[in-house]
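In order of appearance the chains are A, B, C and D, and numbering begins at 1 in each one.
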Amino acid sequence: MSLNSFGHLFRVTTWGESHGPALGATVDGVPPGIAVDPELLQFWLDRRKPGQSKYTTQRREPDQVEILSGTFEGRSTGTPIQLMIRNTDQRSKDYGDIAEKFRPGHADITYFQKYGIRDYRGGGRSSARETAARVAAGGLARAVLGRLAPSVEIKGYMTQVGPHGIDRAAFDAAQIEENPFWCPDAGAAQTWADYLDGLRKSGNSVGAVVEIVARGVPAGLGAPVYGKLDTDLAAAMMSINAVKAVEIGEGMAAATLTGEENADEIYMGEDGQPVYSSNHAGGILGGISTGQEIVVRFAVKPTSSILRSRKTITKTGEETEIITKGRHDPCVGIRAVPVGEAMMACVILDHLLLHRGQIGDAGGKIGPQEGGNQGGQDEGPLG
Amino acid sequence: MSLNSFGHLFRVTTWGESHGPALGATVDGVPPGIAVDPELLQFWLDRRKPGQSKYTTQRREPDQVEILSGTFEGRSTGTPIQLMIRNTDQRSKDYGDIAEKFRPGHADITYFQKYGIRDYRGGGRSSARETAARVAAGGLARAVLGRLAPSVEIKGYMTQVGPHGIDRAAFDAAQIEENPFWCPDAGAAQTWADYLDGLRKSGNSVGAVVEIVARGVPAGLGAPVYGKLDTDLAAAMMSINAVKAVEIGEGMAAATLTGEENADEIYMGEDGQPVYSSNHAGGILGGISTGQEIVVRFAVKPTSSILRSRKTITKTGEETEIITKGRHDPCVGIRAVPVGEAMMACVILDHLLLHRGQIGDAGGKIGPQEGGNQGGQDEGPLG
Amino acid sequence: MSLNSFGHLFRVTTWGESHGPALGATVDGVPPGIAVDPELLQFWLDRRKPGQSKYTTQRREPDQVEILSGTFEGRSTGTPIQLMIRNTDQRSKDYGDIAEKFRPGHADITYFQKYGIRDYRGGGRSSARETAARVAAGGLARAVLGRLAPSVEIKGYMTQVGPHGIDRAAFDAAQIEENPFWCPDAGAAQTWADYLDGLRKSGNSVGAVVEIVARGVPAGLGAPVYGKLDTDLAAAMMSINAVKAVEIGEGMAAATLTGEENADEIYMGEDGQPVYSSNHAGGILGGISTGQEIVVRFAVKPTSSILRSRKTITKTGEETEIITKGRHDPCVGIRAVPVGEAMMACVILDHLLLHRGQIGDAGGKIGPQEGGNQGGQDEGPLG
Amino acid sequence: MSLNSFGHLFRVTTWGESHGPALGATVDGVPPGIAVDPELLQFWLDRRKPGQSKYTTQRREPDQVEILSGTFEGRSTGTPIQLMIRNTDQRSKDYGDIAEKFRPGHADITYFQKYGIRDYRGGGRSSARETAARVAAGGLARAVLGRLAPSVEIKGYMTQVGPHGIDRAAFDAAQIEENPFWCPDAGAAQTWADYLDGLRKSGNSVGAVVEIVARGVPAGLGAPVYGKLDTDLAAAMMSINAVKAVEIGEGMAAATLTGEENADEIYMGEDGQPVYSSNHAGGILGGISTGQEIVVRFAVKPTSSILRSRKTITKTGEETEIITKGRHDPCVGIRAVPVGEAMMACVILDHLLLHRGQIGDAGGKIGPQEGGNQGGQDEGPLG
């Protein structure tokens, strides 16, 4: 039971601080024989990389991933894969003046209260730099999904920045890659650009909402009662820095619906699979996937490091003020998009392996039943 | 790794179905020497018990808990405590007509797709009856907290039913026990009563929002990065039946705030402990408790069993309609309140034990520092 | 992480004390659709049951197992199966005179030193009665193996009682069920009978060696480095009461062999599978099964409860003597045989599910290679 | 649940192969504020390092450990510590000729059967090089023990090489560091030197027995039923490469003892603590430490890589012969001594933290009882 680990069978343990020599992910449970292409991992890392637009931190990190173990001739061996990313642009002097003061909204004070250690170098373990390791692990998860469940497609985007939400009617997936905000609505992207320019100049920051959708997930993934797919997704997303809320499907709005409105009606599709009239459930019923799109949304709070003076205290208990200089994101939600995608990939793969472990390739088939109510257990898995 | 278990050191495994002989919780990691009073456990169970008002299911279950192991002369021995609740009012004939049809919004279809088994007896393992076991385990967690951290107080209540939210200005904790909705606003309680009467008569149901607050939690509980206090709380709450969203502190609204608005400023309190100007963070920074109130909110979707006809399919793939007769809650959120409280108690106790395990009773003290930056490790814990 | 749980995917949590109301096993991860026959579980339990011959304790317990959850119409649903056994013949007065004294060789003193609780009722949680729950869980594991890997056969027997070992040349599997010692050598069985008669009359007891063999286990089960099949078997057997040593294959004798003697040479069998010239390895290489017989041996110390006076101390620190009256086994190793079999079944099933989870039904096939060194990953497990 | 992880609260995950770029250990759960001295870790690693005498492999590896995370200003922060060791002397051409053949006694064949991958570079993940990571983690565990339980001393040595055991009467702890065999008996060391010289010249190898003793371990560590101290020690030692048996205290010999002989009698010591007349139990009763020396013994099989021709098969199923050239240990047991010590340190620290988590610093005190049978629970751990 490592508190820095995530997942059941596909198990990711991340390590490292924002200003140590390196950080990384130890990934266990990877099926063997999967092509692990460093350039593909790098592709995903590059999407999270800081300094790509004026809307994210200007810290310059190549975030280059090294594969230290677990592959042979370019394929996974089934043993732990160690993914390491060196920290290069550490500039720890930038942070020197906050060695004694706790930054409001940051974990400085709670880490000190817990551990009695004040690692003032950019947040230490609580820094969002840790998420680079998740993205690398998520790239690995995607590679495995590509082999085991090629139907799965995972896509994240922002739906709100501060008070400005997207117009769902203007949703255009093709837009997502066309602006620095992963915004599916070209009009909203322009609004956000203007809004964030203003915030950045005024030294302020703002929160955001990110939505992650997984399409093509087979029905039947997840488990009762604490191993529900939505339980693991909630944990996965809430574990991302600055996330304060997680929604599945209708999310908080489910509170306002009646049972009649909320229950997605079921029909038979042309391919003999169930189809639904709507997806209030976000693709999950009773913690198990329905085969519809899995829809997760999370709120990211505004970056706490701002150029506005805030009242705080020092380690020795004196009241003071602080302005957090340095290289910060005006809207840290932007870089949370690839992280949320990575967590989605890890959770889905993990549940795919769990399902295969307990149940094999079978399951219940809707349609004329053969052999009665016998469960989906196949015979002789290693025959 | 049991998917029906929750917690790290204080470990709860629940088992049982809505219409089997019994259900219960196997609770491991309970500290020894704690008085375990069956009447106290029963007190908590009675709060969740169905049939207490016309707003909850009319199923009659005494929900009487038996302690089968782990105590001696009324105190915990440190070994697993088995809490069993017999099912008595099973009336499985009520459910007979749904043996072939999948109820929309329920886990019927996904359980069948996963396991190939159609346990049509009231939802089987996916039934909210499972939460009785959680409430019993939560009672145990409260008993331990009463000994180890008596400052902790946990309180849950509803803040919204369908479109009707409470008026925060009218918040009165004393009201919570005075109405069948755990509503802290007497006016809202009256509105809800009228609203739910109408819904119940029309055979419909509605969603709700529940808020759980823990006061007096010591600073320093929680851990990076996947063992964050909010990560575990998100998983705990999302694992409750029908929950579709979890918020910490500002929750989804954090997306709309600026960094300046959101960062809770820090001062020194009169007792030499930090105090905060506000609690947007919901008592958690970087996954670790600040010592402020821990505030968690979750949305419960409307009961899916309604007396309105909905389209669905059968196990054999035929399209049909269904009206779910039986004894159902017009607003299942009501009974989720004691469940949310129980999960909060389990999570906080678990992190208290984890903290004690890794760090002992010490930690970082804010104030004049002795001996430099040495961490909170005490000497010779078993000396 | 429950310390009273065992297994990764097939997860057994036992609970209960020797003199509480009941004990049992919560078994999670059972594949769905498996026929769970209470009479079959009872069959295995009856083999462990006390009081079956004069060589085991005269405590009379029906050890009747109740299935409280996780089945529907006689088949597993895939959710936790709760197996409960009521304690009936508790006679706690037998134990009353040891409430203040610690019995040498027993866990009385260490449980008190750990927990500060003296549950003097027959050993409490440290009693060998706990193993009834394991045998029930093992029966479940056998039922699943019967479906998933019907080639697997598990057989346990005793090979030594005190100074008297079996004659391997006289090994006759048919004898195992023909004597009260699970002894495969009729001559040794007679020697043991005489020897144990003498010991019993003199109020003494003696140790034993038990061997458990699993035949028909597919090659490829197990995992590096801490999830080795032999690692899990060592833990499984060492966790049984009174076990002081575990051997795989040659065991301790491996220390005396040369590399030339010890390395099992490999040939091709008639069926195109590898065969070995010998089985010094006990069927496991690098923690992974070879397809040969898995051979595990463990030593059980003599029953500590004897009618001979031994020096000890009281809870309050006074020196005294104790004679442990009551109903005890002169050779507790006898009843450890069905327990060892049960643990073997659980470990093998667990690794079968783990293998299926990570790798699917495939793996490396020895013989002409198609498609290069690509690993055994199959495509689309849920397709 | 990573199968490459070990421990509950002090959690070690190792990664890496014998011929990849690096290997290491991700160590989570380290208490904060512990001085982590790279030179001290190196001290332990150097003891395991190959090539130190003619009795171990001539592979030259500096085995230099790098600390990549989890420390600040020389002290642990409480977050994961990544210990990396670069592989430098890989000479993979040495192994080229075994790419197609499976070496008898090695994991080559089982890894291939499991994963479908033939990583022929020196054993890959199954190589004993992995144990370097354990020794580094063990060094960390010792550093923590030095702070939390300074009374604990751990010492390993060899007691048998092939047919030659030590003379217990000649046991002299001071000898252990004086010969290349960690042999506590100077006479036996000479015998072994001669014996191993002969074996080495003839291209053969031999097995050994290693004993690890932990002194000064507090009473009360360990837990029922699958979290027993001896269960975890058995797993820890059996997980070391080439180990085929694990004994606690009397071990296999316990089978030959009577209850009267085996039960260690209890007295009161001068310091008011219990003392025992003997230590057949090896310091563990019911899975919990007694405060006596913890004594673990394990058998290491002979190195399978020998210069003698052995029959085997190829990946494509052809029968052939193999002589394993390369740089191998004539007695791999020698280098298992520091590994066994490291595993002992990890297990004891882990159980110390677990005990502290569940029970705090208290426990049952033998002597005049105050306040009745109330258990060792202290009040307000974070007060």
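One rule holds in what follows: a contact is a pair of C-beta atoms (placed from the backbone, for glycine too) under 8 Å apart; a residue touches a chain by one contact, two chains touch by 3 or more.
For clarity, every value in this text was computed on a predicted model and none was experimentally measured.
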Shared chain contacts [chain C and chain D, defined touch]: A, B
Furthest chain, CA centroid comparison against chain B: D
Gap in Å, rounded to a whole number, between the CA centres of chain D and chain A: 38
Intercentroid distance (Cα basis), chain B paired with chain A, Å: 24
Inter-chain centre distance, chain A versus chain C - centres from mean C-alpha coordinates, in Å: 43
Junction residues of chain D - those touching two or more other chains: 1, 3-5, 8-9, 14, 29, 32-33, 72, 75, 77-79, 114-117, 125, 220-221, 224, 354-355, 359, 363, 373-377
Complex contact set, residues of chain C against chain A: 1, 9, 29-34, 72-73, 75-79, 147-150, 218, 220-221, 224, 352-361, 363, 373-377, 379-383
Chain C-touching residues of chain B, taken from the complex the two chains share: 1-5, 8-9, 11, 13-17, 20-24, 26, 28-29, 32-33, 66, 68-70, 72, 75, 77-82, 84, 114-117, 119, 121, 124-125
Chain A-touching residues of chain B, taken from the complex the two chains share: 1, 3-6, 8, 14, 102, 104-107, 109-118, 125-126, 130, 160-163, 199, 204-209, 219-228, 230-235, 237-239, 241, 244-268, 272, 274, 277, 280-282, 284-291, 299-306, 308, 310-313, 315-319, 333, 354-355, 359, 362-369, 373-377
